[in-house]
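One chain, chain A, appears in both complexes that follow, with chain B as partner in the first and chain C in the second.
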Partner chain A sequence: MKTHTIHRVLSVLVVLTTVVLWQGCKPKAPGSVTTGDAASLAYVPPGKYDEFYNVVSGGFNGQMSIYGLPSGRLFRIIPVFSQFPENGWGYSEETKPMLNTSHGFVPWDDLHHISLSVTKGEHDGRWAFGNANNTPRVARIDMKTFKTVEILELPNSGGNHSSPFITENSEYIVAGTRFSVPVGENTDVPISTFKENFKGYISFISIDPSHGEMKIAFQLKTPGISFDLARAGKGPSHGWFFFSTYNTEQAYTLLEVNASQKDKDFIMAVNWKKAEEYIKAGKGTKSKAKYAHNVWDESTHTGVSTIMDEVLQLDPAELKDIIYFIPCPKSPHGCDTDPTGEYIVGSGKLAALIPVFSFTKIQAAIANKDFEGEFAGIPVIKYEAALHGEVKKPGLGPLHTEFDNKGNAYTSFFVSSEIVKWNVKTLEILDRVPTYYSIGHLSVPGGPTTKPHGKYVVAYNKITKDRYLPTGPELTQSAQLYDISGDKMKLILDFPTTGEPHYAESIPAEMIMPNSVKIYKIEDNNHPYVSKGEGMTKVERKGKEVHVSMTAIRSHLTPDNIEGVKLGDEVFFHVTNLEQDWDVPHGFAVKGANNAEILVMPGETSTLRWKPLSTGIFPFYCTDFCSALHQEMQGYIRVSPAGSNVPLKFSTGKIEDQASGAGQ
Partner chain B sequence: MKYLIGIILSCVIFSCAPDKPVGDTKESEANKSAVEAITDPTKGIGAIKNVTMNTPLDQDRIKRGVDVYNMKCQACHTLDEKRVVGPGWKDITKRRKPEWIMNMILNVDVMLEQDEEAQKLLELCLMRMPNQNLSIGDARDILEYMRQNDGEK
Partner chain C sequence: MKHYKFIFLIALFAFSCGQQPASTENAAATEAPGAGQSAVKDDTSEPDVVRVAVGSPDHTTLVAALKAAEYVDALSNAGPFTVFAPTDAAFAKLPAGTVENLVKPENKATLQNILEYHVYVGAIREDYVQDGMKLNQVNLDNVTLNKKDGKITVNGANVLGVVKASNGIVYVIDAVLLPPDKK
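And then the complex of A and B:
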């Protein structure tokens, strides 16, 4: 009896302790960190529109996503650098050239950062740019069609991380390499010759002001270090660009340790107006380089890839007044200029403070030659001479800083998992809120512009752990929305994201919505295989190629009976969507295709290539539910043996006499 | 049980059917004449209130009408009386007022919501006629082509 009681008491104690311990480890439930009106602040009623378009990088999915703020609803994934079987991007004949590179067809990449086009430092709602981190490229997305319309490869780059940040009037976007690499004719060198042979390059990509086309205007040959992030100057600092750097130790192995030796790395200040002057004065040298430039033609609905063969380069070690280094504590990551253009915030990943530099002081230091020495032939400005001040003890692991329209900065802290609000001028810490968990980038609508829209800050978190229903070892990433309209930041929404978002931007809906394209005019379609009406549909043989010019309209495909294809043929289905109404795409898929489907927008022509591997009858159908009779939108294609004499023929709605008599 | 399912089903069907005006016929007739004084329901709903038709037919219009037909209409409408996706066009100009035809082409979404005749066609074809993004000029060209198709000179 006694032992029983003891046992009972003990087990109750164990249970109680376990509960207490378990609860102690549990993160605060959302209820304990959000305020009572949080739901109403983020609630967008059914049928109502969001206030902002949120353009979000997809990270390792290689795409961009469009969310609404404040609701956090996902509207669309825009395929950019990765194939997207869902709509045929990178699978259709027209889109394959968009993923061409000097390495051939590259079907995937890692998209980290977004830049929205600006005029006079403010959002203009024309284009979004994204970077490819792995096979160095930049892409331009047209904000009228939400489609990737251009991809430019970057030569002499090892990984395009420090990109695609943009200048005040969208004159340039930049592309700085994360990996220095050997360049030139012979790149087959020992890795241990890093200091001698490896170079970093920064590309300045000009943007045509009327149609947006990108071109590498010039490259700066910089020392062999790693470029991380960057921001253009604005207002008084317009004409300058600031890049964070790491691995100024020039390590080539175990960077985790070997690139963290020095107390300070650099912010690199680039006077790009000066670089332009040198280019004008003929100081640039043309250098051989192989890279792809892929442009989407909206009139033919087709991408065209051109391989380029040279770039213009400037050597700042010789042209002394283009580049200056500013020491910045401990492997700076974020390098952000405030809306006035006077302050540059460096965020050392391993630093316990945030240095804020002053553009005025940098200029004075350059004028007075207030240098502490040189690094690889480039002058290094004295830290104190450039410094406006330091934010003391802000948190652990500062990464990125965004700004509101009231003179405040918001810095993300990965290690201490929080956002800290501070005043840019006084450097005083005003507020801090936890994030769940381990925030990377953060984004204030208009945060990188001269005129932030303010109102919200979104945290993009790397780890979600126990925040959502578990889905096995691989979990979603998350975003958290904070209301910043008052003195204190308020968490109002927590939503899972697709891919792995890094940076994002937000723009007021009214700047995008009225321009959104609804259809492509069929009259303007200049695709070589367009069928402007069912009367133009046909099936043609060109040697071993069979070209089917097909139309789709609710609810039939024309032709829907095709015969005369032979084994060994390649069939190209050129599908024109004859609809001229908004939101009526048709899809197309054929059985056994070693390919994806295609989604064809109203007025567009798109091509699916299919190489049948056996004889027989192959069904095809519309894959996008289009009408009550969508299920009936289907057809057959017959494949006969290589030597057969089945004639090429095609039809829709034609009932033939049953030759065999079966079924009569 | 079977009856119950039947009742539920018929309710569902009822609730899916387009709204019809309620009230007894006499009242509707009276209302109709009052409304008719303002608008003619047989002309449909939309921007087209009055179409002037001339003879002989305008051959340039017909040529353009054929082009538009081939590109945007032919996939669903034959020129004879056979219904494919939508009704065949034979004698359409004898069945419908020219204004109704043009409003149906140009303002199809509103017509399908509000015009009784258009709704009858939807029930018959079970396929909402798409808005093919035609201009008023395009629609007038189509009308001229329809007149020719119906034997006018």
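And then the complex of A and C:
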């Protein structure tokens, strides 16, 4: 008997082992057919977490998205500069002020670049910043709530591309204009007076070290050229900022041809510590400027927009020693400082070489006045005097450079569609991999910091074509993940992305995950129309406005019967989600609403404005599947003619008509 | 000039019904996770500069050189490019053995430099060309365009025809452009 049992156990074990071995030999996923163990390198098993949060710009969707690395899974789209009907951002009464500008309400923008906050040059996991390229603005996202909590407009800017790059201790983010424009009292000038009237402005935006609030500390008045990208110095170059420029030809038409005339444009080196000294010495001038500053108040769950009227400006043509130009071949795009802060990599996007400048040499050239002349009153350092060396013939169309933790650089090449790995010191090319297709930005986790996390590089490609199942003329965007832990880069994953990602950053999950907020505490909710319990719900008439203070909890809305609204009234549904439980949002929508739904997080209050255009009965309901009785979470609002005498009343669970038996 | 345009139109038409130009070139690359953009199967879109060259009966040498220099994929990308495309006759004017020598693997860098001297990143349409206009080519050397009585020359080479491609413009020329000697 005993032997029999042992035999049975053994045979079960043999079968199990065989199954395990057989499973082990099976291809792990279709992707593994292409490159050996690629699938396992990008695989995150069900229920397991990714190693990195990947914070990705949405480009023309105006949003920021959160992916996991290495899986490439999309976790969330955070609405920033564009309305998002999915959760009511920019539609709800509380969020509308966040999209206010000096041009009024602007419902869309183009978010290009991400900066994560840093302390001593390393990620600190507090905030993410993004830029609006169209109507110049910067935004701050709180990494505890993954919510846009501040948007600051930038006056005297034509298009905020060169932004929101950040200094070593998050002292400043910058904003350089891509389109120089006339500024000041008279901006109604002929376009052909570009050289005389058009100016570029660079804003230095200070970040409050404790709560993050942004303020335009000062603006530098710079020549009318285009500012493209930028990076702060770090370590020895802390206190400096480097900007790439193009159109130093100052062309104002057919830039495709006319802004590519010169062999070299400039990298602009800014000594911002010197600018601070000038400001302390009272050299700044206050200038009139109209711009919006929008701040989210988490206690009232409401954005407040304030129109500002002045900025502090410095003129570097008069105040010498703030800025210097360094010639850089052919319309430089990327301008990236390496983790040591010694090397600045320019990428002439139309050139077939990468110049690498040395901070030490730049300093020596400035000290020795090793200049080749001036441009618009600003000294131009001799190219050779600032140059550490050139990476010769690395590929075609270098755009951006990121760094790993081993002294290597990774440059994206749009024209030749590849990533090239090279050694920063020796300038030797070490490896190259194709991307599919036409890479724009690339991102190494921690790549712009003093301590890159390394491990991966993500290619954000501009052309998708045949990479995925086609979906008509409009395709998803294509990203590729490469393992860079070895000597050779290895493609391990293709993943589609939403919007049109430009830059992205990645940060280790453990720096963000423990701080992620689960609910808003209802007792801390100071919204003027909050109902902290069903007993506090009400419907009030204020002239032509009807304010409904409503609550939502599994599985009813209070009140769910509302009468006495008249044609011509505007109804404000102030919905408080009474849940204090993780991941139980309630949504709210009403028939015929000309805006969106609202999605209300636990403990939050959010308001949907509704102006009925006809009389009758209009249903409303919860849009987020919240419980087994979600489908029952609904109500009715009655709209009567303008002159009607139907009294205002509201209720939940009250059965008025005892006679018919309905509802009993 | 007109004659050339006609040939090109026929070539384009013939090509659009044909198969992909670079499929053989890229056959070896299929072990990699994917070939470059030249391998995208697309017979609907307007041909790119590579497909224009491949479709032309007068550019077999140029196409062979592009393949040897591994520039087929780069020139299939978004560009935009202005390509000066010497005809087979233009290559034939070079001293005997020059082309055979250039397409050898050990001379790839020299060949790439010469080909890069024929490519400008940017689409310079005929009507943008001004007499004396300089273009800084991919290899970082300049070519000079001249325009006299509507006739365009590049470094003295005659433009025989101009073909618009999806990702740029091809100027057919009657001489190979040689980059200036470096001091």
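Methods note: the second predicted complex is superposed on the first by the 623 of 664 C-alpha atoms of A that agree within 3 Å, B and C clash if a C-alpha of one lies under 4 Å from a C-alpha of the other, contacts with A are read in each partner's own complex, and residues count from 1 in each chain.
Just so we're on the same page, a contact is a pair of C-beta atoms (placed from the backbone, for glycine too) under 8 Å apart; a residue touches a chain by one contact, two chains touch by 3 or more.
Predicted model only: the values in this text are computed from it and were never measured.
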Inset, instruction - Once the two structures are overlaid on chain A, check if chain B and chain C clash or fit side by side. - result: fit
Inset, instruction - For A:Ser260, select first, second, both or neither according to whether it touches chain B, chain C, the two together, or no partner. - result: second
Inset, instruction - State whether A:His556 touches chain B only (first), chain C only (second), both chains, or neither. - result: first
Legend entry - Which superposed partner A:Leu629 touches (first chain B, second chain C, both, neither): first
Legend entry - Which superposed partner A:Gly535 touches (first chain B, second chain C, both, neither): first
Inset, instruction - Would you sort A:Val415 into first (chain B), second (chain C), both or neither based on which partner it touches? - result: second
Inset, instruction - Applying the touch criterion given at the start, work out whether A:Pro45 contacts chain B, chain C, both or neither, answering first, second, both or neither. - result: neither
Inset, instruction - Check the residue A:Gln580 against both partner chains and state whether it touches chain B (first), chain C (second), both, or neither. - result: first
Legend entry - Lowest inter-chain C-alpha distance for chain C and chain B in the superposed arrangement, angstrom: 44
Legend entry - In the complex with chain B, residue positions of chain A that touch it: 519, 521-523, 532-536, 551, 553-556, 558, 578-581, 584, 627-629, 653
Legend entry - Complex interface listing, chain A residues touching chain C: 34-35, 254, 256-257, 260, 263, 329-330, 350-353, 393, 396-397, 414-417, 434, 436-438, 462-463, 465-467, 491
Legend entry - Touching residues on chain C, where the partner in the complex is chain A: 32-34, 36-37, 40-42, 73-74, 77-79, 109, 112, 116, 121-124, 128, 136, 138-140
Legend entry - chain B residues within the chain A interface of the complex: 70-72, 74-76, 84-85, 126-128, 130-134
